[in-house]
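Letters A, B, C, D, E and F name the chains as they come in the text, with residue numbers starting at 1 for each one.
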Amino acid sequence: MRPSGRTASQIRPVTITRNFTCHAEGSVLIEFGNTKVLCNASVVEGVPRFMKGQGKGWITAEYSMLPRATHTRSDREAARGKQGGRTLEIQRLIARSLRAAVDLKLLGENTITLDCDVIQADGGTRTASITGACVALVDALTWMRKKGILKANPMKHMIAAVSVGVYKGNPIADLEYLEDSDAETDMNVVMTDTGKLIEVQGTAEGDPFSFDEMNEMLSLANDGIKELFDAQKSALA
Amino acid sequence: MRPSGRTASQIRPVTITRNFTCHAEGSVLIEFGNTKVLCNASVVEGVPRFMKGQGKGWITAEYSMLPRATHTRSDREAARGKQGGRTLEIQRLIARSLRAAVDLKLLGENTITLDCDVIQADGGTRTASITGACVALVDALTWMRKKGILKANPMKHMIAAVSVGVYKGNPIADLEYLEDSDAETDMNVVMTDTGKLIEVQGTAEGDPFSFDEMNEMLSLANDGIKELFDAQKSALA
Amino acid sequence: MRPSGRTASQIRPVTITRNFTCHAEGSVLIEFGNTKVLCNASVVEGVPRFMKGQGKGWITAEYSMLPRATHTRSDREAARGKQGGRTLEIQRLIARSLRAAVDLKLLGENTITLDCDVIQADGGTRTASITGACVALVDALTWMRKKGILKANPMKHMIAAVSVGVYKGNPIADLEYLEDSDAETDMNVVMTDTGKLIEVQGTAEGDPFSFDEMNEMLSLANDGIKELFDAQKSALA
Amino acid sequence: MRPSGRTASQIRPVTITRNFTCHAEGSVLIEFGNTKVLCNASVVEGVPRFMKGQGKGWITAEYSMLPRATHTRSDREAARGKQGGRTLEIQRLIARSLRAAVDLKLLGENTITLDCDVIQADGGTRTASITGACVALVDALTWMRKKGILKANPMKHMIAAVSVGVYKGNPIADLEYLEDSDAETDMNVVMTDTGKLIEVQGTAEGDPFSFDEMNEMLSLANDGIKELFDAQKSALA
Amino acid sequence: MRPSGRTASQIRPVTITRNFTCHAEGSVLIEFGNTKVLCNASVVEGVPRFMKGQGKGWITAEYSMLPRATHTRSDREAARGKQGGRTLEIQRLIARSLRAAVDLKLLGENTITLDCDVIQADGGTRTASITGACVALVDALTWMRKKGILKANPMKHMIAAVSVGVYKGNPIADLEYLEDSDAETDMNVVMTDTGKLIEVQGTAEGDPFSFDEMNEMLSLANDGIKELFDAQKSALA
Amino acid sequence: MRPSGRTASQIRPVTITRNFTCHAEGSVLIEFGNTKVLCNASVVEGVPRFMKGQGKGWITAEYSMLPRATHTRSDREAARGKQGGRTLEIQRLIARSLRAAVDLKLLGENTITLDCDVIQADGGTRTASITGACVALVDALTWMRKKGILKANPMKHMIAAVSVGVYKGNPIADLEYLEDSDAETDMNVVMTDTGKLIEVQGTAEGDPFSFDEMNEMLSLANDGIKELFDAQKSALA
């Protein structure tokens, strides 16, 4: 039994609120149960130096947890003077995933930054960030088309992400903090709405996992992500 | 005339939402019009090294703006690797103001950190932070009393803050961004609900200001802050 | 009674030595009693990136205390790898104050940096810095006019600064360290020689202060600053 | 056809040289073709603060590429003043993988640091690092047993790692740089010699990948890693 | 001919002012011509961690140039966030030299920090720093003896330093900036008043130098340093 | 007697392996007994900003010790976030020495970076670095001539370096770690193959040294360096 009483394949209620703040070109608050992440998409003309002159755009991401998003307060990274390894790892994952959703040539020499700031954390902040950032990205691209910056829609497909894991010996979907901190295996899966994989990151926190468990987790992820695509579609409708 | 049509002494609508997030001992979202700041109070046993052995508590604060809280995206301080001068100046002001509201001896050797994270900015983020942090602080102290950590209430008085300024030659209260960026003088005033001053920080951005203008601004601040105390009381009722 | 035997309104003896070092375009050693600050003005062609193309100049400031300017040695900020909040706050105040003294358009696209290095500290280092930097700035502008860089004098008015406070219940002027560390309220006031205010920064270190005390402090500041303008004039004669 | 003429499942020649340097408790130079990584294991008594008093040991890792390990020189991280996101991500992976190979309770309150320094890079530096570090770890544990520090062998199983990917539409094993920089999908797999998975990290660099491709890559990894276990065994014989 | 008209062996006028500031246990302003360095000695009980429990004291040094000590303003190291290589090299030299003058056992577990801040630079700042710091050190040790902290005088011998070089083909002593920036060879020599060498650091900036030139420079240094010992003695008399 | 049984003037066996890694334009592993340093020379078109437009090239160096090059592991500088004073001092010495070997005008506006990474340390790492880097530099210049980047050979003379010292009262050459850590005086000497001096850096670690000892050490250095030039010649033959 899961602490919340959920079934093994049951993901938490998902809420997607667009236009959560007023300045960003795309601004989405996404909630996976008690996990709440603000995903802002900012459009800037031009690209970083290493991309210049290729006629292509760039998508990057930054991730942060507010110090008291968690049970006990963690140090503010700006005050410590550097971003931790976990933060860098997550924001690299978010950026890579979103870039895989977009035709950078159609984006032209423009940069979109996706800021994912975790307001409240209860497991799954990186998968919520990716799923919410995709909606904020759609809104930012719509804004660009309205402004006449883009001629065609650079979006190749929607993407969404869910965590899966092995908890007390059973594969389950969308782990909350209590499960996550106790799971034998933790895996994050990013997929396209065309049913393909963008990222698979599985880690044995305790015992190693078998190929069978791997397949069961992938199957749970596949099912859970379908529900996320439905939530994205409803929000964007 | 002010851009919003407000009168010179009219402050923006104030909204105070308690328990905005679930982990912090005090968690308040405060809104001054379009300015929205999340103020979380975190309680930790013990005090910083320089305070040890004095039998007194400590109150500190950290302030940050989400990168896209503003019209154009600003760099994330954690990524740049240091907090800017404006950030340090503001969080020193918030901490100093809140310490002036509390009897540190009655707090015992405990530390309360007030994290003020600006979700959306439209002028007055430091005064909203102070006003909201005071409510979060009250909730954190109540939590401590319920836990039996405190014997008496360390709160000496409520505090609140408002900005005033000289805009197009006229003293006005609670400047929004459009006014703030164009004001000749900008002043932040922090007061107690016993009618006394905690901080006065006035700066001539353009022409210097006269003693008369100074007095008019202080009078506007005095009136505006009274309304903030009312909003705090309603929220805490 | 004040530790030094001074009356409430009496400021310390002020000494202003011009051309204290030989390389800077303006170089002033200012002494407020035992507080000694070296204020060097450096002229450079061009302006920071954010000011380019506006046909205006820029004035900036840096402040530092030598490690053993104080009773006990404090860490060298260069060795710690960052400037503290107090340092940043003070140098922002100095720069803002001096910019308010100058017509930046008449300065042309040139930058003047005011380095205020405290050789010996006994309270009032920021007000001594501002008062001395104003004289160094005048010398640097004179140097620029002699070099033919400036056509007109960009100086709008002289500025000077003094600290005031409430010490053992009484408002006093120009606090030395012993008073400063024990004062209930500490206020720094920057004024023009035309009798107007540039900056007012008052802080309740202990009990909050009343509007009456505020007015008494401002009046003491007004009187003290007049003597500083006399000292500046004598030095520049 | 692969640039090297290898078959899809063929890994590069593997060389493992023990005692490559004289000071470390375990010192291994591992070569995967032209990729050469020096893996040093250092034993220190005691554990980091967050582990104290649990009666358990700790294993950590640091990864670095010499500036000219690559075709063009990259900046030295020590000179830039921080480790990049890629470096942090890799050393977190190495440490996590090796911790999964060891019973930390049997290690006692001791720390082993695995320094993986890439002397020459040609793809697969992180998988070579993990495979070589495992041998260095065995040597360090043997040293500890000889010194009487350990009563039992904390090694639960050997681990090894290989990269797999989709290159020009075909799944292949052990990508060299030319293949890696051009692959549609890149996946790193860490396994135990008991046939289970420790880490799976797959990323679509170009087109997303299908569940079938995922399975083919896992199968190639499984085969390749078996050869690595043979090479480890020969080296340790 | 030298720019100043000095003979090859002639050092600049030396002025040593003790008690230049009021807080430090030893405070010396030393002038080698236009080069002016403030040398403050600070005494603190205890030693750094790596020295604890050995019953010995420690002497360390920090060196800095005020930004406008030079012809053109250089960046403030505290603002840049790190000390440059030249600064670190010089302060290591100063500390090493002064440690060689003292019996650290007789110093007990106390630390003396020598802060050498260059007020005005015209060549030879490191040799002036060492020569002045030695006098400040004597004053600090005297202060310690008066306080009863020391039973015996830990000073083994006085030390002093001078720069020598090859300028336009001729060995000369005590180079000023104009000579220093144009010299083929630059050498700094630190000696004891017992006629022995503490440090010799010679560098070919242009052409390499011969063993004969090396000996001539050492001979000039030997003569110049004797005059510095005289200046130290007079100052301490 | 020396710990190794060497005579006072006897240097350790020297091994120079060219083309140690495959990417760098010059790549040399140099061994002085158990000290092993990898010296890579990297050629880049263009020069640093401060050299631009002078028609001259630039040579720079970076030095690092792998964390476990030594008996006990030292912190990785990249992880600590800054290079230590010793590192900066050594890499400044290496760069200065190599620049003295080259006619920068004949190098054209190109930059060569010499990375000296210590794989294993047993004293003399800086002198081995200089001696090995000189060979790597020759290889890089040959590569440039073959590529048609250079018209003439910019090498003015070969350089090499050896450490000498006073150990148990006797001058000796090429100190290994056991001797170095116990020596009264430590001196590094860099020379040209034309018999002239580039750098002399002598330091009294214990007792000061006499002019006679200085001369004896220089004489030992002169002899030892001749053997190093022979080793360089054989390697380059």
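Quick notes on this structure:
Assume a contact is a pair of C-beta atoms (placed from the backbone, for glycine too) under 8 Å apart; a residue touches a chain by one contact, two chains touch by 3 or more.
Here the structure is a predicted model, which is why all the values come from computation and not from measurement.
Taking the definition of touch as given, a chain qualifies here only if it contacts subunit B and subunit F alike; none does. Centroid distances from subunit C, each centroid being the mean of CA atoms, peak for D.
Centroid to centroid, with C-alpha atoms defining each point, subunit C and subunit D lie 59 Å apart.
Work out the mean CA point of subunit B and of subunit C, and you get 28 Å between them. If you average the Cα atoms of subunit B and of subunit D, the two centres end up 50 Å apart. Among the residues of subunit F, those in touch with two or more other chains are 81-82. Each chain touches its two ring neighbours, and walking from subunit E in the direction of subunit F yields E, F, D, A, B, C.
Looking at the complex, you find that subunit B touches subunit C at residues 82, 85-86, 88-89, 91-92, 96, 100, 187, 191-192, 194-204, 207-211, 214, 218, 222.
Per the touch definition, subunit F reaches subunit D in the complex via residues 21-24, 27, 34, 36, 38, 40, 42, 44, 62, 64, 66-73, 76-79, 81-83, 87, 113, 115, 117, 119-120.
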